[in-house]
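What follows are several structures.
Both of the next two complexes hold chain A, though its partner changes from chain B to chain C.
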Partner chain A sequence: MIIDAFPPGLVLVFGAFLLPLLPGPVRAAAILLLPLTTLALIISLPDGNLVAIPFLDYELNPLRSDKLGRLFGIIFSIMAFAGGLFALKQERVAELSAAFLYAGSAIGVAFAGDLVTVFIFWEMMAIGSGIVIWSAATPASFRASMRYTLVHFAGGVVLMFGIAMTIVDTGSIAFEPMRVGSIGTWLILAGFLVNAGAPPLSAWLPDAYPEASFSGSVFLSAFTTKTAVYVLLRGFPGTEILIYIGVFMIFYGIIYALLENDMRRILAYSIINQVGFMVTGIGIGTELALNGAAAHAFAHIIYKALLLMSAGSVMYMTGKRKCTDLGGLFQSMPLTATCGIVGALAISAFPLTSGFVTKSMIAQAAVDQHMLYVWYALAAASAGVFLHAGIKFPWFVFFQKDSGLRPDDPPWNMRWAMILFAGLCIGIGVHPAPLYALLPFEIDYVPYTGPHVVAMLQLLLFSGLAFFLMLPLMKRTLTLSLDFDWFYRKLGTVAALAVTDKISRIRNRAEASGRRLLDTTIAAATRPVKPRGALARNWETGSMVLAVTVALGLFALLFF
Partner chain B sequence: MIFSHIPVLQVIVPLVAAPLCVIFPFRKFCWTVALAATLTSLWIALTLLITVYAHGPITYELGGWAAPWGIGYRIDILSAYMTVLVSLISSVILVFSPRSIGAEISNARAHLFYTLYLLNLTGLLGIAVTGDAFNLFVFLEISSLSSYALIAMGQDRRALTAAFQYLIMGTIGATFYIIAVGLMYAMTGTLNIADLAQRLPEVMETRTILVALAFLIVGIGLKIALFPFHGWLPNAYTYAPSVVSAFLAATATKVAVYILLRILFSVFGPDAVAAMPIAQPLMILALFAMTIGSAVAIFQDDAKRLLAYSSIAQIGYIILGISFLSVTGLTGGILHLFNHALMKSALFLSLGAVFYRIGSVQISDMAGLGRRMPWTMAAFVVGGMSLVGTPLTVGFISKWYLIRAALESGWWPIAVLVLASSLLAMIYIWRVVEIAYFRGHPEAGADIKEAPLSMLVPIWFLTGANIYFGINTGDTITAARAAATMLLGGPQ
Partner chain C sequence: MSDLSELDKHWLVRKATIKKLWILGLLMLALTVVAELRVHMHGEFGLDELFAFNAWYGLGTCAIMVVGAKILGYVLKRPDTYYEGDDHDH
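Presenting the complex of A and B:
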């Protein structure tokens, strides 16, 4: 066994178990110091496999330090710090403990040099994040956390199966770039994609994240999907199918975010959309694209957490979460509004923000590879992001109408957490060199060229224009029933009504009979194992003896 | 030198201690004697294991009579592994027992409990060390008869019918075994396992031996509670006193699996087994046991009964490992023997502590126990995670080997089934966790106290072992692999 350095993720994991035992002020200090210690440890790590533990017939390398792992380790620990600061006043210690377990496990994955370690931390993340959701302590959050953990454990089983098959195939447990081909690697890819929020299992994300507490969703936005981005970057760079999956995720996220009314749900859909950009970059697979995906993950964690912090502050101060209940808050919450707008500009890739200097790399990589349609899709999606996250969120929450609410800005710790991340968003946008230096590959990319800035501004201005022109329409979409109303009133014909009516009736009938079929199938399948079923009831001694006799006869026959 | 007699002392110490408890029927005294005897057994077992590691198998002739005439004890790596397993678990359970017995068995019968417990231990250890097929039957009967009586000591009157049913089925199993031994004796003229192994190949094709083999598999299958011969097990585990359930679940079925391993690989030999259609039917039964056992467990309302059905599923895993007839598979099966004993004893003992405090193990009565008995329920959760196969617990290690064995043999659908049935395990463990942690009014049951330390220490010893052997896997895997290689290397 070799241990040359302490695995940084474990600082947070052990810290998580320590937190509930500490008295108030010491705990607050620990919440801030643990992530900083982790960050310091990560920065001081030399390259190479620093820990080796024999396990079964293999050697675990839980601490492989290189540029890619360090990049993610750094942003995860910064995120843990800012999230801890934001949640400092959170009364439920369980949530913070779980969040640290979650963050520490994510860092563990970032430094895992072998597949078994990846799997172990992967499952710990699922447990930690599940508890974070559950800690909101509402009936809705309890059910959401159950659904969430179920999806992730199922994904974990797929992953474990893929890992086992791959290890048997290759005889090695090292976590290195893989080529999809064997069933094992496909299963690993599928297991990773579940956490990335890829279709068809993407619904867990918008289902669960908005149910967490005001501070919980800040943590959730950062780790699960970005860890998935990391493992895809490490394991499947240049896998073509990821381009299509990524593009699908981009549009899926945009469309659903535009239809949504709950402010945190809008942001949850936009996570899928943003991760779609990264997954596309990984699929393109050139050095520029991979750098772009990694950098975008870095920037995304910051601005998405910032957006959720501003949404969380609004929720913390007003107790409301629906766009229709909010509005006009900029008057009494100027700081929250400003930070929210900075985050919104960053996610829209406005020049001089972090989004601009990172996302453009992915688009550039598509151009370099002559992937015209991918580039079109990315450009169209940039406009869509501006619509749903860049304008819709701040407009409906902080401006629009006057809702009559006059809450103050949130307490100091939440304000400072937002200021820190808003500063980072602009800092990276103005001076991207330090981030570029952290990227896994050498880079000579210049984001601020004339044509690029002009093109981006045009795109944003026109989509902004489109938003305000269509504003009446956007408002209409605030409730689902209005949406449908509008649909067939606009078409305006009784025929259409009759047709949709017919279709929906057929659909209802099909659904009802499908459900009945499903119910009876499940009932039939479980009847034998339910308490009075043939397999579960107490057997008569006589029938057991009969079974034994028959079995004896069968075996004797078999052997002759 | 007493050291040369250590193999027989393994059996004699608990055998002699048993009547002491009848002669001096004082509860405290009996407990002390029983504990001293099991701890001595544990020490002997460990000594044997170390000796076998260092110098290879030990043979011991009872009364100095040479093997074909006298009874020979033969201890190889597998026997030593089993004796360590049995005596370790029984020591821990005895440490746990005084309060649990005090609550569940009347004072007048407590000394009989210890007598029977020691006799049962004698039988189980005897099976492991003996090198004689008939002597094995004798020990099997000692352990079986005492376990019928132990089960019948349960508070619930249904314990009597459960014990009676087990008595009938167990006796049929043992009778099948002795019929087969008789048939083999008729054909070979020997009862010694090593001699049988030498002489059987000549008569292997005769119908007598083939019938004997069928009797053996069904008979031992009954003692193992392999699906579909498991009918006696759920009631027996449900209605027996808590410590008895823990002891039987952890050791009795495991020793029965040991008998199967001995008969298949030491008597008939791996080549004969591979040539006959034995592995495939066993595999099919194992797969049924895994899925059906877990599925039935999901719908149980009684936590002990739930664990009983889970045991049926876990036995399926063990038999599955054996049925691959490969080193990896056998290693997985033998590992799971040990690992399952650790998890099930931990789980049954925590239920014992729950019963001690609330007088019930109905899942619905356990609402809010996560708050009232945090340590006991935490142990249950860890044991449950081990049962599911979470990494860093022993359950993961054995599942890992089973899946690897399935993939090496190219049967990946079986690997899928292994994982699917772990998901079922997650569901039934979750049912208990959900009720204990998330249901019930926070104020309800405020008078329920955490279990006493004398219960928590043994429970957490076993729980800790679940984690320790899940991380530091070297020792158990080395022993299991050595045993697997020895069994597949043919009769020695």
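Presenting the complex of A and C:
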């Protein structure tokens, strides 16, 4: 056994179990210090397999350190810090413990050098995130968490099958780039894609995330889907089918977000949309595309958490989450509105924000590979992002109409978490070099060129014009939109009820006819001995003699 | 009376401000298009070499997405209480 460094994810995993035991102020300090300790450990890690543990005939490598793993480890620990700061006043310690277990496990996946370690941390993430949703302590969140964990455990089973088959095929448990072909690798890909929010099982995300607490959904936005992006980056770079899946996710996210009325569900669909960009980049598979996908995941975690912090602050202060109930909040929540707008600009890839310097690498990679239709789709999608998230979210929550609500900005810890992430959105956008230095491949990309800035401003501002011109078509309604979860929430329930109903009818009918048959048989068998039965009657002497004679005759016949 | 209620409003949502914002917005739109005369936009695939491609492509695709979502909405939208009750009873 070799242990050259302490696995950084375990700081948060062990810390998760420690948090409930600590008194208030110490716990608050631990919530902030544990992620920072993790971050310091990650930054200090040298490259290489730093831990080796014998396991059956194999060797587990739970700490493989390289640029790609470190990039995701860094952003996951920054996210755990900002999420912890935002949730500092969260009364339910279980949520924070679960969130740290979840974050630590995500870091565990980022540094896993073998498929068995990936699987173990993968399942720990499902448990941690399920408890985060459950911690909102509402009937709806409990049911949503049950549906969520069922989908993820099913995905875990698929992944386990894939891993086992691949280990049998290759004789190795190392987590290295794979080529889809065998059933095992297809199953691993499918297991990864479930967590990425890819079709057909994408509805778990908008179903579950908006049911978490004001702080829970901030954590949820960061880890599951981005860990999936990481494992796809590591395991399946250049897998062509990912391009088509990614493009589908992009437009699915836009259309459903446009239809949605719940502000956090709008943002949940927009996660799928953004992950779609990353999945497309992974499918393109060139160094620029992979750098773009990795950088976009990094930037996305920050601006999406910022958007959900902004939405969480509104929910925390007003108790409302539907666009139809909100509007005009910029007047009393200026900081929340400003930070929400910064997040919205960053997700839309406005120049001088983080999205601009990351997403454009994926589009450039499509150009370099002469992928005409992919590029047109990505350009349309960039406009669509501004439409469904960049304008729609801040417009309907902070402007639109005057809802009459005048809540203050949230408590200081929530404000500072938002300020930190808003600062990072702009900081990365203005000065992308430090992020570029962290990317897995050498980079020679200049985001700020005249044509690129002009093209992006045209695309975004004219999509903004489309939004305001077509505003009457986007009037919010008290509705939800049917998604794939309809199959297991509605059709599945109706089908299961119909089947059980049919079975119980058949059973009742069988029982009734069985009882009738039994009654008839008993009646027939007991009839001779009943009061008027043949054997219970008084017989005439002559008949008796005749019967005895016949019986004796038969006896004689049989023996002679 | 209407002037008074206008003054009661936050300055950002007064009619006069909104009018100015529209003018400012349209000016910015025009500027981004005019900028193409000064910045050489090199297209890659033909269509994107047309003048102000990103402007009309952004406007057009967004219009299609909004209308597409509206049409899909007729099929997919349900009251937001649609799933309530189902989960309780079983």
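Methods note: the second predicted complex is superposed on the first by the 475 of 560 C-alpha atoms of A that agree within 3 Å, B and C clash if a C-alpha of one lies under 4 Å from a C-alpha of the other, contacts with A are read in each partner's own complex, and residues count from 1 in each chain.
Methods note: a residue touches a chain if its C-beta (ideal position, glycine included) is under 8 Å from a C-beta of that chain, and two chains touch if they have at least 3 such contacts.
Keep in mind that this is a model prediction, so the values were computed, not measured.
Participant: For A:120, select first, second, both or neither according to whether it touches chain B, chain C, the two together, or no partner.
Facilitator: Only chain B is touched by A:120; chain C is not.
Participant: Return first, second, both or neither, reflecting whether A:547 touches chain B, chain C, both chains, or no partner chain.
Facilitator: first
Participant: Name the contact category of A:412: first (chain B only), second (chain C only), both, or neither.
Facilitator: So A:412 meets neither chain B nor chain C here.
Participant: After lining up the shared chain so the two structures overlap, which partner does A:255 touch, if you call chain B first and chain C second: first, second, both or neither?
Facilitator: second
Participant: Applying the touch criterion given at the start, work out whether A:165 contacts chain B, chain C, both or neither, answering first, second, both or neither.
Facilitator: Only chain B is touched by A:165; chain C is not.
Participant: In this superposed model, does chain C or chain B come into contact with more residues of chain A?
Facilitator: Looking at chain A, the partner in contact with more of its residues is C.
Participant: Please give the residue numbers of chain B that touch chain A in the complex, ascending.
Facilitator: Touch list, chain B to chain A: 165, 168-169, 172, 176, 207, 210-211, 213-215, 217-218, 221-222, 228-229, 231-232, 234-235, 276-277, 281, 292, 295-296, 298-301, 309, 390-392, 397, 400, 403-404, 407-408, 412, 415-416, 419, 422-423, 426, 438, 473-474, 477.
Participant: Note which residues of chain A are touching chain B in the complex, please.
Facilitator: Listed in rising order, the residues are 54-56, 116, 119-120, 123, 142, 153-154, 157, 160-161, 164-165, 167-168, 183, 526, 529-531, 533, 535-536, 538-539, 541, 543-545, 547-548, 551-552, 555-556, 558-560.
Participant: Okay, in this complex, where on chain A does chain C touch?
Facilitator: Against chain C, chain A makes touches at 139, 143, 251, 254-255, 258-259, 261-262, 322, 328, 330-331, 367, 370, 372, 375-376, 379-380, 383-384, 387, 399, 402, 450-451, 454-467, 469-470, 473-474, 477-483, 489-490, 493, 497.
Participant: Enumerate the contact residues on chain C facing chain A in the complex.
Facilitator: For chain C paired with chain A, touching residues are 9-10, 12-13, 25, 28-29, 32-33, 35-36, 39-42, 44-45, 47-48, 52-59, 61-63, 65-70, 72-73, 75-80, 82-83, 86-88, 90.
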